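Consider the two complexes below, in which subunit A is the common component and subunit B and subunit C are the respective partners.
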Partner chain A sequence: MKMFLRILSAERLKLSGSYIWLLVLASPAAAVLIGLYASSPAGGKPDWTILLSVMSTLHALLFLPVLSGLYTAMLCRHEHLDGGWKALLALPVSRTAVYLAKFTMAAVLLAATQALFIAAVIGTGLIRGIGTPVPWGLFLGTCAASWTACLPLAALQLAVSQAWSSFAAPLALNVSFTLPNVLIANSATYGPYYPWVQPMLAMIPHGQADYGAFNLPLESLLIVVLGSFALFLAAGLLSFRRKAV
Partner chain B sequence: METIIQTADLVKRYRGRAAVDHLNLSIGKGDIYGFLGPNGAGKTTTIRMLLGLIAPSGGQVEIFGKDLRKERLDILRRVGSLVESPSYYGHLSAVDNLEAIRRILGAPKRRIAEVLDIVSLTGEEKRPVKGFSLGMKQRLGIAAALLGSPELLILDEPTNGLDPSGIQEIRSLIMSLPREHGITVLVSSHLLSEIEQMAGTVGIIRQGRMIYQDTIARLRERSAGEMRLVVSEPEAALEEAFRRGYDGMLRTDELRFSGMDDARVALLVKALVERGHAIYRVEEQRQSLEELFLQVVEGEGR
Partner chain C sequence: MGRILAADWLKIRGKGLWLLILVGPLGLTAMQALNFGLRFDYMKRRYAGDLWGGLLDNTALFVPMALFLGGTLVCSLMANIEHQTSAWKQLLALPVSRIAVFASKLMLCLLLLAVSCLLLSGFVTALGLLFGFGASAIPVYGILRIGFLSCAAVMPFIALQLWLSLAFRNQAMPVSIGVICAIVSPFTATLSEWLPINWPYLAWTGPHRLYFAGAGLALALLVLLPGAAHFARKDVN
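== the complex of A and B ==
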């Protein structure tokens, strides 16, 4: 545990002053633009729930799955250059601790993205003059659920990123899994089982939409999310422990 | 002498081809061990196995008398390494690059200033590393290897790609380590000339096999020169030399004697002069270590 915290602290330092923090800003910034220009429903101002749905569509449907892969790819990028894995793994560290530290960093970056997204929704709502109190429970609940749904994707992408020395190949893989979201989100048959669409499904406020896969019980989402998370993380960890560097 | 690294029949096979073939490496405490061989001979593969980066296909590695398989972390805590090119985070300064490693090692903070001083990077430490020259990056890599106050330093081709003054800097740095810090050093190279001035022992590897392992002094003896004598009557002079117990030969009208010390040269010359031979030339022809190295690398094992 002590070793894990040490590696984590080193990983955090490695990211300081890196462009990765600009990426954290990108999706909330795009959501602000969408939120500001979304049309208000007839006869008044949008309420918080509608604003959240509008702003989260692009964010959760495309940005979150893509960012899950982008963060992990960036976390592995320096290690693939100039024999960084060799330098890192020749230190007195266990490979499991290194792998879990990298994964934790990806999870933290995703959590930072979600936190900024909530801030973006609230900021936009205030600008548009929504007078009612901020529904913290709804915001935190949906964003946390959607963050959880990103973890399996990050686990898979970390597995792929540590294995492939190319920066672009894992991203291409990730994007090609993410784009079908647009269709699958509307499918009641496939939606519940497709990991890339889960961040989106988890972010839709319950009762908002009653078509497609949008109104599934939480339990079925949890099984898909937790199952794929355990599978992807274990596969990546096993492969990393046996990796020849 | 205490042994620091000992490998027994170390083997690494890639698709049936042995990249490292029953290698027995033995490195004593406080030594600078020059690990030599042409490119692709298996030096880096061996070093990766010594650091536990790849698993051997067979054989054992013992470092500090401990089995690498069982006590990898305990061993690595006492080892510093630089494998192939130095790895660094370009957007971070030298201090931050070292700090990242220091956090993992749990070394004291003051160690950063100390290692920067050892590799003479003091004054450059706040600049982003992407602006460093190759030599500076290489020195930063050595500083990183020294951070955990290791007892054993493993450097893979640390002078690769450096200009002559850079090579000289790294060389004098490496030479100072056993003397001032009691560190044992394993340094690999494909050029004997880079190693011969600092190494105490050399191991020469070719196609994964160790073909020579001994002190550099012993290697020098092997390359000790031949005495060449040009005289007026070579045949008669050679007979005279044989009579006196010299082991020589005649080649293109010149007498050649090997393994001659000063006294024996003087005695032979005196004897020949007394016998009335005119001696035109007495020369020593020395085979350079580099020639010997090439001869060893290309000749043996065929």
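== the complex of A and C ==
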């Protein structure tokens, strides 16, 4: 455990100076721009639920899946340069701990993105003059659910990023699976089983939209998310433990 | 120049670039195959007057995104060949002019994109024929336009990405910028048409599409000049 924490703090140090915080800011910033011009379907000022769904469209549909790929690619970048894997794994550390520390960092970065996104939604709502009370339960619940739905994607991307030395190649995979989201989110048949669209499905307040795959029970979501998470993390971990550096 | 291009041609083998060039148009076509295939009767009724036009319009929605993304990845993967192995020093120590090196990377990038656009036209035609839209009604100009005009309008972005990818050893920055541009691009369509990020889509739709394609090419030249100048003068380490 102590080793894990020390690797984790080393990972944090390696990220300093990588301008990764700009990426953390990007999606909430874009969401604020969208939120400032949002209106309710009837016209006029949106309420909190509508504001959340409007602002989360770009954020959860495209940014979250892509960011899970970008973060993991950045976490592996240092090691791919100049024989960093050799230098790191020659130290008395277990490979499992290294891998899990990298994954934890990715999860923390995604959580930070989500926290900033909640702040962005609330800030936008206050600027637009949407009255209190702020529905904290709704915000925290949806953001936590979509964060959970991002974990399988981060696990897959970490597996790919540690295997491929190029920065762009894992992202090519990531984005080519993310773009079909635009279509798949509207499909009630395929939406529930496509891991990349789950952050979006988890983010939309339940019972709000009556089309597409947006009205899923939380249980079926969890089965897809947890199943793909276990699969991707185990596959990545196994391949990392056996990887020749 | 020809020999540098030939060398670059050899260097991109086995780097996944050709795969990317194939997968991009294939993926776009597969998305439309699903889009139409899953609700064929509805789509056929909706576009009853112009089946080919409906297919092309639906495809064109995703072409700008794919071009932004593909351009970013092609530039980055190509620049990464030298970055990864620190081969810039060796390459530029040879008796070749730096402008020629830059130009050959640019030519290769354009060539790959052109192949990709051509493949897209081919795949979309095949899909339309498969759906039985009729060979006599094929809108040849529209099918060629779908990739190539948007590609012309995306050139400023490609020039910028090539510059950034060649300038920074850390590919995280150019790739992040490219990917973010790609996923934001569908959401900026309502903003001003002066924004270059909207040009690839405007080069498909609207009355002034040739203007946007032309403006793209002109702006690309403007971006290329500082890019090439920077590459010609930059320190190599």
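Just so it is clear, the second predicted complex is superposed on the first by the 240 of 245 C-alpha atoms of A that agree within 3 Å, B and C clash if a C-alpha of one lies under 4 Å from a C-alpha of the other, contacts with A are read in each partner's own complex, and residues count from 1 in each chain.
Here is the rule we use: a residue touches a chain if its C-beta (ideal position, glycine included) is under 8 Å from a C-beta of that chain, and two chains touch if they have at least 3 such contacts.
Everything numeric in this text was worked out from a predicted model, so none of it was measured.
> Superposed on subunit A, are subunit B and subunit C clashing or fitting side by side?
fit
> Does the superposition put A:M74 against subunit B (first), subunit C (second), both, or neither?
Once the two structures are laid over each other on A, A:M74 reaches subunit C alone.
> Figure out whether A:L179 sits in contact with subunit B (first) or subunit C (second), or with both, or with neither.
second
> Contacts for A:L58 in the overlay, against subunit B (first) and subunit C (second): which applies, first, second, both or neither?
After superposition on chain A, A:L58 lies in contact with subunit C alone.
> Tell me the angle subtended at the Cα centre of subunit A by the Cα centres of subunit B and subunit C, rounded to the nearest 10 °.
The vertex angle at subunit A equals 80 degrees.
> Touch test for A:L91: subunit B only (first), subunit C only (second), both, or neither?
A:L91 sits against subunit B, while subunit C stays out of touch.
> After superposition on the shared chain, which partner residues are touched by A:A168: those of subunit B (first), subunit C (second), both, or neither?
Second partner only.
> Look at A:A26 in the shared chain and tell me whether it touches subunit B only, subunit C only, both, or neither; answer first, second, both or neither.
second
> Mind working out whether A:S18 is in touch with subunit B, subunit C, both or neither, as first, second, both or neither?
After superposition on chain A, A:S18 lies in contact with both partners, subunit B and subunit C.
> Once chain A of both complexes is superposed, is A:S187 in touch with subunit B (first), subunit C (second), both, or neither?
second
> What is the minimum C-alpha distance, in Å, between subunit B and subunit C after the two complexes are superposed on chain A?
9
> Go through subunit A and flag every residue that touches subunit B in one model and subunit C in the other.
The overlap between the subunit B and subunit C interfaces on subunit A comprises residues 18.
> In the complex of these two chains, what residues of subunit B are touching subunit A?
Residues 48, 51-55, 73-74, 76-77, 79, 81-89, 91-92, 96, 99-101, 103-106, 141, 144, 148 of subunit B touch subunit A in their complex.
> Which stretch or stretches of subunit C touch subunit A in the complex?
15-16, 20, 23-24, 27, 31, 34-35, 38, 62, 65-66, 69, 72-73, 76-77, 80, 84, 170-173, 175-176, 179-180, 182-184, 186-187
> Using the touch definition up top, name the residues of subunit A that touch subunit C in the complex.
18-19, 23, 26, 30, 34, 58, 62-63, 66, 70, 73-74, 77, 165-169, 171-172, 175-176, 178-180, 182-183, 187, 189
> For subunit A, which residues count as touching subunit B in their complex?
3, 6-7, 9-10, 13-14, 16-18, 78-79, 81-84, 86-94, 244-245
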